[in-house]
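Below is one structure, written out as C-alpha cells, with a few remarks after it.
Labels A, B, C and D are assigned to the chains in the order they are written; within every chain, residues are numbered from 1.
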Amino acid sequence: MTARKVGVFICHCGGNISDVVDVKDVREFAAKLDDVALATDFRFACSNEGQERLQQEIRERGLDGVVVACCTPKMYEDMFRAKAGEAGMNPYLLEIANIREQCSYAHRHEPDKATAKAKLLVKAQVEKVRKLRPLEVRTAPIQPGVAVIGGGIAGIHGSLLLANLGHKVTLIEKSPTIGGNMARTVKTFPTDDCAMCTLSPKMNEVYNHPNVTLLTYAEVVDAKRSPGKFTLTVEKKPRYVTDACIGCNRCTERCPVSTAKSPIQVESEWEMGLSKRKAVYLPFPQALPPLWTIDADHCFYFQKKGSCRVCQTICPAKAIDFTQKPERVEVAVGAVLVATGWKEYDPTPLAHYAYGRHPNVVTQLQFARMLDSMGPTSGVVAKPSDGKPADTIVMVQCVGSRGPPGDPVVHEYCSRVCCMVAVKHAQLLKKARPEAEVYILYNDLRAFGKGFEEYYAKSMEIGVKYVRGLPGRVRADGETLLVDVQDMNSGRRLALPADVVVLSAAMEPMPVDNLLAALHLDKSPDGFVKEYHAKINPTETAVKGVFVAGCAQGPKDITDTIAQAGSAAMSAAVFLGSGQMTLNPLVAEVDPALCRACDRCTEVCEFDAVRVDPQSLVAVIDETACEGCGKCTVVCPTAAISVRQFTKPQIVAAIDALAPLAVAP
Amino acid sequence: MRYAYFPGCVALDSCKELDAATRAVAEELQIELVDLPEAACCGAGNLQESSPDTALALNARTLSMAQAGGLDLLTVCGTCQLYLSRAAKQLEDPGTRDRINGLLARTGRRYDGGVRVKHFLQVLLQDVGPRKLKANARRPLLDLPVGAFYGCHLLRAPGAEAFEDPEDPRGIERLVEILGGRPVAYSHRTACCGFHVLTTREDLALGLAAEGLSEAKGQGAHVLATPCPLCHLVLDAYQSKAGRAASERFDMPVLHVSQLVGLAFGIDPARLGLKRHLVSLKPVVRELEDEEVVKA
Amino acid sequence: MVRTAVRPDSPTFWKEVAATPGGAALATCIQCNTCTSSCPVEALDADFNVRQFIARIRLGLREDVLSDEAIWSCARCYACVAHCPKNVRPGDVLEAVRHIALREGRSGPGARHTRAFADSVRRSGRIHEARVTFASLGVRGLLRQGLLPVRMMLRGKAPALRRHPIKSVAEVQTLIRAVEESP
Amino acid sequence: MTFEPQILAFCCNWCGYSAADQAGAAKMEYPSGVKIVRLLCTGMMDPYYVLRAFERGFDGVLVVGCHVGSCHYKSGNVQAREQVERVEQIVRALGLDGRVTMTAASAAEGNVFAEAARSFSEKLRKLGPNPIREVVAR
C-alpha cells in the first residue's frame, strides 16, 4: 500500500467542540498517526478563511487524503469535498470525523472521555482514508426526449409543458383518441366549467404541437433501461382507416353492426354502455386525432370472413384499408411520465345495490353521459328501462370505497372525488329540471378543496337533499326503485322512491401491470403507482427518470392532477435539462476476477441494478439504477461486489481503529 | 340419493306436518332419509349467544353423525341450515376443529370436517333436478299464484350463494314454475319474519309478518310457500294476530315448501298435515282439484 | 322520559366486546349506517339502532348498553352482516354484547328466553317448545296470548306438553360441563 | 474504575446516523463507549463485521436502522435484521449471548437512539466485559 500524505483539520466550532474536547491533545495525537503529514486546527473550519487554509495546505503539501474533524457530515461533507476538488485533490478522498454531535455534544459532562473518543474517531477516519481510492465522477449523456404514457388531462398537460420547454415529447395513448376520462364529464367542479371547453383547446394544442409526436391506439408493451436512456417498444394497433379520412361519418351510418337485427352488438365504451356503437366509429365529436377507427373484434369483415365491406365501398375518400397490420415502434427517450389515469369501479359484486340487475341503477360516469347534451340521452336524465325522464334520483356514496383492508371486492381507500361529483351532478340536474328531486346518501360528505364548501352549500340552497347514511338495499317496486335508508340526521327510516339510482363508484387504477413491470415500478398497497415519497416527492418514482402524475398515482380531481402534471413535468425537465446525468459514484462495482456468476446479488437487488452478462459470465452493474445500498455485498460469497468508499477493508479499518484492543489476539 | 336427515326441533313438534310432508315427498323421489335420533338442537342463535363453544360442539357432534354414514346433512329449516353450515365452515379451520374435538372426545366422538349441509329446497333444485320433479308432478299446480317467503337465515347461510343470490333469490319461484304454478313477485319475499323475537317482542314479529302478508296479498298471491318452519309459525299461527295488529284482514294460507311439492305430486293432503294449519288450506286444495269434492 | 347525561363508565368496554366471539372487527366501523338501513327491526322500532349500539360500545358506555332491553330486540336476520361495507359484522357484535349480558346474569325478557332455551337443550338435547315458550312468557305473558293457544290445540298445532329427551342427552350435558370447565 | 462497555454501533446514513446526530444536537447524554460507524444502509451490515468487533474486544454491537417500510432503499433494513438474527446464533455459540441487538430509529427519534445506547450499555455493564479480552490479557 503506497504511503499517503493525509491532512487532519480539527475545528473548534467556536467552542462547541473545543469547550469539551481538548483540541490540542487530539491534534498532537493525530500528528503521530501513520501517513498523517499535517494535523492542524481552526476556530471555524467551515468559514471562508478555514476553507482557504484547507485548499492552501492541500496544494502546498500535495495532500492525497483529508480528514476534517468537525460537525456531522450531513452539514458540510459535500462543501468540503467540493473545496478539496477545487484544490486539485480527488474529492472522494476526504472524510469527516463527527466529533461534535458524537463527542462534544453527546458527552458534555465527560470532557476527558469525549476527548478520548474524538481521538479514536479521527483515527478511524484516517485509517479509512488511507484505504480510499480516488473516484472520478462519471456522467452519462441523457437521451433527449420524454415519453408520456396516457393521453388524459395529466398526460396532455405534462406534454404541453415539456414541449413548450423545447423537449421532444412522444405522447402514447391506448384508446383511439386523447382526452381521457375528463372528456366524459360534462362539467368540472367547483367552477362548473364545461369540461370540453377547458380540455379541447389543450387537446388541439398538443395535437398540433411541433414538439409532440402523438401515438394513439398504441400501447407500451416493453421497456429496456440503460444509463440515461429508456427504450420503449410501442405496439400501434391498426385503425384500418388511413389519414385520408375526411370525417364525413357515412361509414358509421351504413355500418350494420349494433343495428336491430345484427348478430354483432357492441356497447359504446365511451358512453359507458348506455348506448351501442358501430364497428367503425369516432368515440366523440372532438376526438383527436379526428380519425374513425374500425374495431376488428366487432366488425363483420374480420369476424365473418370478409362478408361485409360497406364502409370501404361508400367511403368517398377511399380511407378504409383492411390490410393494415399491427406495427411495433421503438421509442428512445431520457425520461418517462406515467399518466395512465383511472377507471370506474364496477359495483356489480355489491349485490344489495342491484347494479347490473336493474337497468335504472347506474354509476356516476354513466350519469355524466346522460347529462351530456351530445350523450346517448341528449342531456335529458332518463330511466334506462323506458327512456322516460327521471323525476327522482337517489345517489349513493362510497360504493366500492372505504372497505375493509385487503378485501378482494372493495377498496380500502377513499376515492376523494365522488362526493363533489355527486354534488356537481345533483345541482346540474336541479338547475336543468328544478321539479326533479335529488337525494345524496352519504357517510361523510368530503368537500375539502378550494371553493368546495361554497359549492356544496349552494347545492343545498337550490334544493338538493342530503341524507346522512348509506342504504341497506335498493329494491324494485314495480317500475320504480325503492331505497331503504335510515337517515342519521333526521333519525327517520326512509324508503325513498327513485326513478334512477346513481352509485358513486370508486376510482380504480387503470390496469397497467405489464407496463409497471417493464419500468420496474412498484405499486403501493392500494394498487396505484408508488411515488418516490408520498409527502415531499409525489411525482417522482424510485426509478430515476420515471415520473408519475394524476390518477395513476392515486384518486384525485382535475385540479390536483394539473398540479401533479406540472410538478412531474418540471422534475422531468430538470432531469433532462442538464443533458448529462451525474452518476452517483458511491455505487457497487464488481471485481471480474472474483465473480462466480452465482446470481446471489441479482436476487437481493431491489433496483434490478445488477445482471450477470451471459457472455462474460460476470455480474454487470447498471450504474444509473444502483443506489449503493450494499445488500449485494453481504450475500456475495467471494466478496467480488463492493460499494465504493464502503468496501470491507475500509470498514474493517475503521472497526479496528475504534476497537479497545489495539492488535488482534 | 341418501342424506343424513336433520329435521331440527320445531319440525318434530309444533310443525310436525313439515316432517311428514318431507318424508312423503322424499319417498316419492326415492330419496332415502337416514334419521339422526340422537342429534341435538342447532342452537338457533340462542345457544350461540349463551355459550358459543357448546353450540359449536353440539353442531360438530351432529356433523360427525352425518360423517359416520359418509352422507351430506339435509335440513328442512332455514335456521338449522344457517347455524349448521356456519358451524361446518368454522370447523374447516384445523385449529378450531382440534379444540372442539378435544371436547367431543369426552363423548367418544370426532369430526374431521368436509360434511356438506344442504337444505331440502337446494336438494330438490340441484340434486333431484327439474326433469325428475316435473315427471312426478302428477297434479300440476294449475297456475296457482304462489308467493315465495324465503326468510333470512336460508339466504345468509354460508354456501347459500352456491344456489341462491341472497339479494335476489329465484329458487322457490323456479320450483313453483316447474310444478306448474305461477310465482308472484312482491318486494317482501326476502324480508324477515321476526320469529327470533316472537316471545320477547311479539309486536315486532307481528309487524314484520303483517307487512309480508299485506304485500303478497296486494300482488295477488293465493298462498305463500316458505322453506322455514319458524317463518311458517309466525305467518300461519300468528296471522290473525298480525292482521289485528295491522288492522287488515288476512286469509293467506301458508305452505311449507315440502307441502307445496307434495300437493303437486298428488300426495293425499291429509298425509301432508294440511289440516294442522291455522289458516285453512281448503281454498287452495279446492282450486287444485276444481271438479272433485275435497275431503277436509 | 327525562334522561341524564351518561358518563363513560368503562373506556375499555370496546376491547372487552372485541375479545368476545363475534365482536372482533367493531373497531373498524366508520358509522356509515348501512347496517341500520338494512335492519328490519329498526324500520319498526327506532330504539333498536345497531349502528348506535356500536357507537355507544366504542364510547365506553357499558352500563348504558348492557342494561338497554333493546339489545334483545335483534331478530338475528344478519342483513347488517351481509351488507356492511367494512365487514364489521354488526349483528355478531350485538351477539357478543348479549353474551356478556348473559354471563353477567342480566335479567329481562330477552335474557330469560335465551336462558330458557339453553336450559331446554341441557335437559332434553332438543327444544321443548312448550316449556321454552312458557318459561319465556311466564303466566301473564301466556294469558296475553288470548285464544291463540286454544285454537292451536284444536288444530293439533300446539307443541307437545311432554317431550322425551334424546337417549344420549347425557352426552350433551357432558359437553356443556366440558365447556364450562375449559379455560 | 467501573467497567464502561465499549459498543460498536452500525448506523444507517438515513435514519440511525441522523438519529444520533439529533440526540447530540438535543444534548441527550449517552455513554461515551458507543462508537458509531456510518453505513449507507444497514442492509450493508455484514456478519463478519460483528465477529471482527468482538475479536477486537468490543463488548457489544448495536445496529440502528430505519423502521420497516421507510428504508431509503426499500428493504435494506429487513435484510439487516435477517443477518443480525443469523449472527446471533454464531455469537450465542461463542458464549457472547445477548451482545448483539438491532433497533430502529427514524431521523427524528434522537431520544430512541439515546435510550437504545443507554439501555444496551446498561445491559452490557451487567453482562460484564467481553470474555475475549481476558484471553488477550493472559
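The rule is short, and it goes like this: a residue touches a chain if its C-beta (ideal position, glycine included) is under 8 Å from a C-beta of that chain, and two chains touch if they have at least 3 such contacts.
Being a predicted model, the structure only gives us computed values, none of them experimental.
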Original post:
Going by the average position of its CA atoms, which chain sits the greatest distance from chain C?
Top reply: D
**OP:** Could you tell me between which two chains the number of C-beta pairs in contact is largest?
**Re:** B-C
Original post:
Can you give the whole-Å distance between the Cα centres of chain B and chain C?
Top reply: 23
**OP:** Can you check how far apart chain A and chain C are, centre to centre, with Cα atoms defining each centre and the answer in Å?
**Re:** 51
Original post:
Distance-wise, how many Å sit between the C-alpha centres of chain A and chain B, to the nearest whole number?
Top reply: 55
Original post:
Distance from the CA centroid of chain A to that of chain D, rounded to the nearest Å?
Top reply: 36
Subject >> Multi-chain contact residues (two or more partners), chain C >> reply: 79, 82
Original post:
Using the touch rule from the top of the page, what residues of chain B touch 2 or more other chains?
Top reply: 166
Subject >> chain A: positions in contact with at least two other chains >> reply: 352, 473
Subject >> Chains that touch, pairwise >> reply: A-B, A-C, A-D, B-C
Subject >> Residue ranges of chain D touching chain A (in the complex, touch as defined) >> reply: 6, 8, 17-18, 20-21, 23-25, 27-30, 32, 35-41, 43-49, 52-53, 55-58, 72-76, 79, 83, 132-133, 135-136
Original post:
Can you list the chain B residues touching chain C in their complex?
Top reply: 9-10, 12-14, 37-41, 43-54, 57-58, 61, 82, 102-104, 106-107, 109, 152-153, 156, 166, 191-192, 194-197, 199-201, 203-205, 207-208, 237-238, 240-241, 275-278
Subject >> Sites on chain C touched by chain A in the complex >> reply: 25, 28, 30-39, 42-43, 46, 49, 51, 79-80, 82-83, 85-87
Original post:
Can you name the residues of chain A that touch chain B in the complex?
Top reply: 351-352, 354, 357, 473, 475-477, 482
Original post:
Which positions of chain B touch chain A when the two form their complex?
Top reply: 165-168, 187
